[in-house]
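Here subunit A shows up in two complexes: once beside subunit B, once beside subunit C.
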Partner chain A sequence: MNESDARAAVFAALHEIAPDVEPDDLDPSARLRQDLELDSLDFLRLLEVLAGSTGVSTPEDDYRDLTTVQALVDYIAKRG
Partner chain B sequence: MEATTPSSIHWPVIRKDAAELAVRPNLVDYDEARASFDWSDARRALSGLPGGGTNIAHEAVDRHAAGPLADREALRFIRADGSVRALTYAQLANEAGRFASVLRELGVERGERVYSLLGRRPELYAAVLGTLKHGAVFCPLFSAFGPEPVRQRMEIGSGRVLVTTRALYRRKVAPIRDELPELRHVLLVDDGGPTDAAPEPGTLDLAPLLAGATDYGPTASTGPEDMALLHFTSGTTGRPKGAIHVHDAVVAHYATGRFALDLHPDDVYWCTADPGWVTGTSYGIIAPLVHGVTAIVDEEEMDAERWYRILADHRVTVWYTAPTALRMLMKAGAERVADHDLSALRFVASVGEPLNPEVVVWGQEAFGRPVHDNWWQTETGGIMISNYPAMDIRPGSMGRPLPGIEAGVVARDETGAPVVRDGEAVLCEPDATGELALRPGWPSMFRGYLHEEERYRKCFAGGWYLTGDLARRDADGYFWFVGRGDDVIKSSGHLIGPFEVESCLLEHEAVAEAAVIGVPDEVAGEVVKAFVELKPGHEASDALRLELIGFTRKRLGPAVAPRLLDFAPALPKTRSGKILRRLLKARELGLPEGDTSTLEAGR
Partner chain C sequence: MPELLMPSLGADMEHGKVVEWLVKPGDYVHRGDLVAEVDTEKTVMEIESFEEGVVAEYLVELGETVPVGTPIARVTGTPADGAIQASSPGAAVPGSAEDAVEVPAIAPPIRSLAHRLGVDVTRLTGTGRRGAVTRADVEAAAADAAASGPVGPDTSAEGAPARVAGSPSRDSAPVAPPVARAPASSAEGTGRVRSSPRARRLAADLGLDLSTVAGTAPGGAVTEADVRRATEPRERPEATTAAAPATTHRGRDRRSHSRPGGEDAEARDRARASGPSVSDRVASLRRAIGSLMARSKREIPHYYLSTTIDLGPALEWMRRANAGRPLAERLVPAALLLAASARAARDVPEVNGFFVDGEFRQSSAVHLGVAIALRGGGLVAPAIHDADRLTPDEVMASLRDLVARARAGRLHRAEMADPTITVTNLGELGVETVFGVIYPPQVALVGFGRVIERPWARDGLLGVRPVVTATLSADHRVSDGLRGGRFLARVDELLQRPEEL
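Right after this comes the complex of A and B.
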């Protein structure tokens, strides 16, 4: 999947799970927990939505690296 | 409708033999311990203030700082990168004393409320203990709350001081500051520093105040019945309730730490709860420090690999965690544990919501130790019913009452009210479901809901404190959780009042009516789901659904806001216009709708 499709999928999933996040706050370096204030349930649901939209399922081992918006985009782009 | 916990009689009993345990448990013979226990014995294990009186900070740090434990690590903080900063008992006492001095210099008086909205960092712990030392009252708020829960709780408790960070202040407090006239001082723990911009107006930088603080001197001469802590909880209706706890609660923190957590002097203990909730204060701060053990504090959020590494690297011996976290670890797989040496781990306990038997048993597979469920709530201040290292576990049961605690299951009439005969509540036969109740009088029992005498009074009937939880007691005295007796939602171990969430939804211009329930979730137990009836002129759409969820998340924060939302053409109501949340829930779960004439008691 190219990066722009991956970015679109990540933004759409974020909008579904945390519609309170303003598009302006979706800086690539924004941290999911600290800056966007996702909690751990939000995070699990975000991965579920992404699995549905992109077919990329995420093993638990990879959770710890997915800390920022960009990290998630790169991850989906690489595997989608 | 009483659903949820799978009946667990089919799970084999996990047998215990005290003689096989490497460390002799504090409670070897349950019946003997109950028979011989007396609260005054527990009180004698503490030292009391030099001039008489009781103060939690004295028992938790000052007495250790002045004795042989002075150089022992009290708190060991684990930063995001895994590095460690530790405070010894002497250092923690010093930090707490400085914070107490800052309060005094700011003119904060005894009994006034000091709030925190803060992650798990050293300043929080010093603030809790310093506030208690000064004789003021501490009220911790969960840092993931949105502005509205923060505003309500600060207003109800007339917060004088708030300790927080610059980012949290900007996001959650600055927009509502005008509505909090009683709030005099906002202390920022992370202001200043070379990279920082101009100071935040209306706030003080805590670090230089602490650095310049003078010696506090003797601890405030608080009495055992003086207010020490204020913890908020939610009911079905109305505003959040501020449960009042007093300094004497420390007696129960000590006794329950001894029996239910089996704390021994050399333990490295880790309670994963955030001090924004009562578990994180009673058992993340007070109980381990009173016992003089080393308590681990992870500054980061839950992550399976990180947690196993902490358990292994720090040789954690006693671990107190929550079902949601254990279920996440279970999802991650038991094989992950194999890479880590958890041989130091002696005792695993869990609280927050009933622990399903699968998890109790999984603990044996993963850690070689079963998980010990226990039960308590904000109002009880400490663990009331528990499983113990040397008592057989019946997987799915919350265990048996602590020594000093008398628990019962009170019969309910068809309206859900307790059955009282001749002034005494009627108890259920074994295995029958009723309301879990406790005989009042233990030291950490709440002494009131702040400014809500009527709601407090309604918690007692026929000689018992009624917990709001439905339970049964088997013929051998083990208690089993059945469900909530009201409409309160239990998500990730935290109580969420449907009324708070509905009120927020009703503030949106498109919403005519709202009803909020908990729906089952395999990780969190329940998640919040909202049903919304729209005003004329508004159309149900996916965009509006997301707008409403976003609207509530901004105001309430992710821990309280609904994660799911459906539109309904009309919400089911009673003849008097009250929304029937139970009917919605029954429909959602595909259960029989039952007798819909019943109304919740709504304490």
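Right after this comes the complex of A and C.
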């Protein structure tokens, strides 16, 4: 998957989990926990939504690398 | 003629308005069925019926603000009413053993499942050993209810009209709110209310109509305590709903299928649009939380304990459990912390229950309140029912369900009303330690901080372990530090053997 598709998928998934996060003013360097205030359940749902839209299933061991929006985009782009 | 009344959904609620009907005239409603969405200026909450019968007419307009206690709909009673009342005398007092004795042949996980699916287990014919109701029975009943839509009086499964999931079953809807009491139906038939002489005298002194008081004595008789409770709404567990959700993102999770009253969409939208703005609602919620917490700090002599727990074994167990699972079935650490807390509350019952009318009422069931932060501001603490009997997987499923509904503003009144102890898990966003304030009339609040790696000495060796700080705020009128310490020690012990949770 190319990066722009991955970014679109990640932004759409984020907007679904956290409707107050507007894709238009989302900074890719934003941290999922600290800046976007996603908790562990939100994070799990985010990965679920992404698995549904992109087919990428994320093993638990990879969670700790996925700390920012950009890291998630790169991860999906690489595997999608 | 029974009427549905505008319930009190919080200690400070004086007015409410119906913003959506979930039933329409002609629908058959059971006790516990969801009937309307009510806007309390802090939140929109679904309310259930305390009556059984056919909805005759609406008595208020959508969007019309009315005082608590105002009749909002008229219900025509049915002959079945008396029969049902006889099997379940009066409203349960929180912490009573009612749900333990009423249906003995049902395992708590099955009961919990039935609760989630909106199935009334008392109406099921069990196919398990000695007539026990099994998981399959509950699921079949839920499927039947879903297939048949609104259920009639002779249907075996009690499903919410047009919607099955989430209707609280009667045995877990604990108390009629003080203003929405179900008149004892036996009294309706005979024209008199069974009551004690002291209750009658007190009611007369207070100018209270006894037929409006839910009796808790055998046969639904009204006792003096019932009358006192009816006149002291602030002492009721419903007070916990004062910290009710400030939901700012309704709309997005609206169910897509049509609901009764759908033709009133325009009126409904007008009703919603005329509601307070988001900022008003957050401000109102802040006042409600402030008033409840001020009461807690004023009345409850808190003591605070803290301990650091090695989460190595629990997290390692969880990692192995999650390894082969799809995302939808994975656990998060919070599920283990909640499961351990619920079991510890069962083992150390001085932290589990309510302090009302000057005395502690221990609860035999553990309904674990979970503090959930809402995006956009605010906090709710709805309950996972019978959490001490659930596996970590079942706790996880309940947690996901509660969080999703809390954020969509779809909690049920019963969930808000009856937590027996609450857990707050602020660690997700970074703090190490939470010093909690107890939600009255509960008597304890458990806090977990962030899971962090720390140097940890064990058997004379130093290693790096994931640890969490667990705290307990407890009520000194009920327990001392020794028992509170026992609770935290028990949480620790349970987390060292996660496979036994």
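We take it that the second predicted complex is superposed on the first by the 78 of 80 C-alpha atoms of A that agree within 3 Å, B and C clash if a C-alpha of one lies under 4 Å from a C-alpha of the other, contacts with A are read in each partner's own complex, and residues count from 1 in each chain.
Operating definition for what follows: contacts are C-beta pairs under 8 Å (C-beta built on N, C-alpha and C of every residue); 3 or more make two chains touch, one makes a residue touch a chain.
Please read all numbers here as calculations on a predicted model, not as lab measurements.
Asker: With the two complexes superposed on chain A, say which partner A:37 touches: subunit B (first), subunit C (second), both, or neither.
Answerer: The answer is both, since A:37 touches subunit B and subunit C.
Asker: What is the contact status of A:48 with respect to subunit B (first) and subunit C (second): first, second, both, or neither?
Answerer: second
Asker: Is A:64 touching the first partner subunit B, the second partner subunit C, both, or neither of them?
Answerer: first
Asker: Once the shared chain is lined up, is A:23 touching subunit B (first), subunit C (second), both, or neither of them?
Answerer: The answer is neither, since A:23 touches no partner chain.
Asker: On subunit A, what residues does subunit B touch that subunit C touches as well?
Answerer: Comparing the two interfaces on subunit A, one with subunit B and one with subunit C, the shared residues are 18-20, 33, 37, 39-41, 44-45, 60-61.
Asker: For the complex, which residues does subunit A have touching subunit C?
Answerer: Where subunit A meets subunit C, its residues are 18-20, 33-34, 37, 39-41, 44-45, 47-48, 51, 57-61.
Asker: Mind pulling up the subunit C residues that touch subunit A in the complex?
Answerer: Its residues touching subunit A are 248-249, 252, 319, 322-323, 326-328, 330, 332-334, 373, 375-376, 399-400, 403-404, 428-430.
Asker: Which of the residues in subunit B end up touching subunit A in this complex?
Answerer: Residues in contact with subunit A: 144, 301-306, 328, 331-333, 336, 492, 521, 523-524, 527, 546-547, 549-551, 553-554, 557-559, 563.
Asker: Would you pull the subunit A residues touching subunit B in the complex into a rising list?
Answerer: 15-21, 33, 37-42, 44-45, 60-61, 63-64
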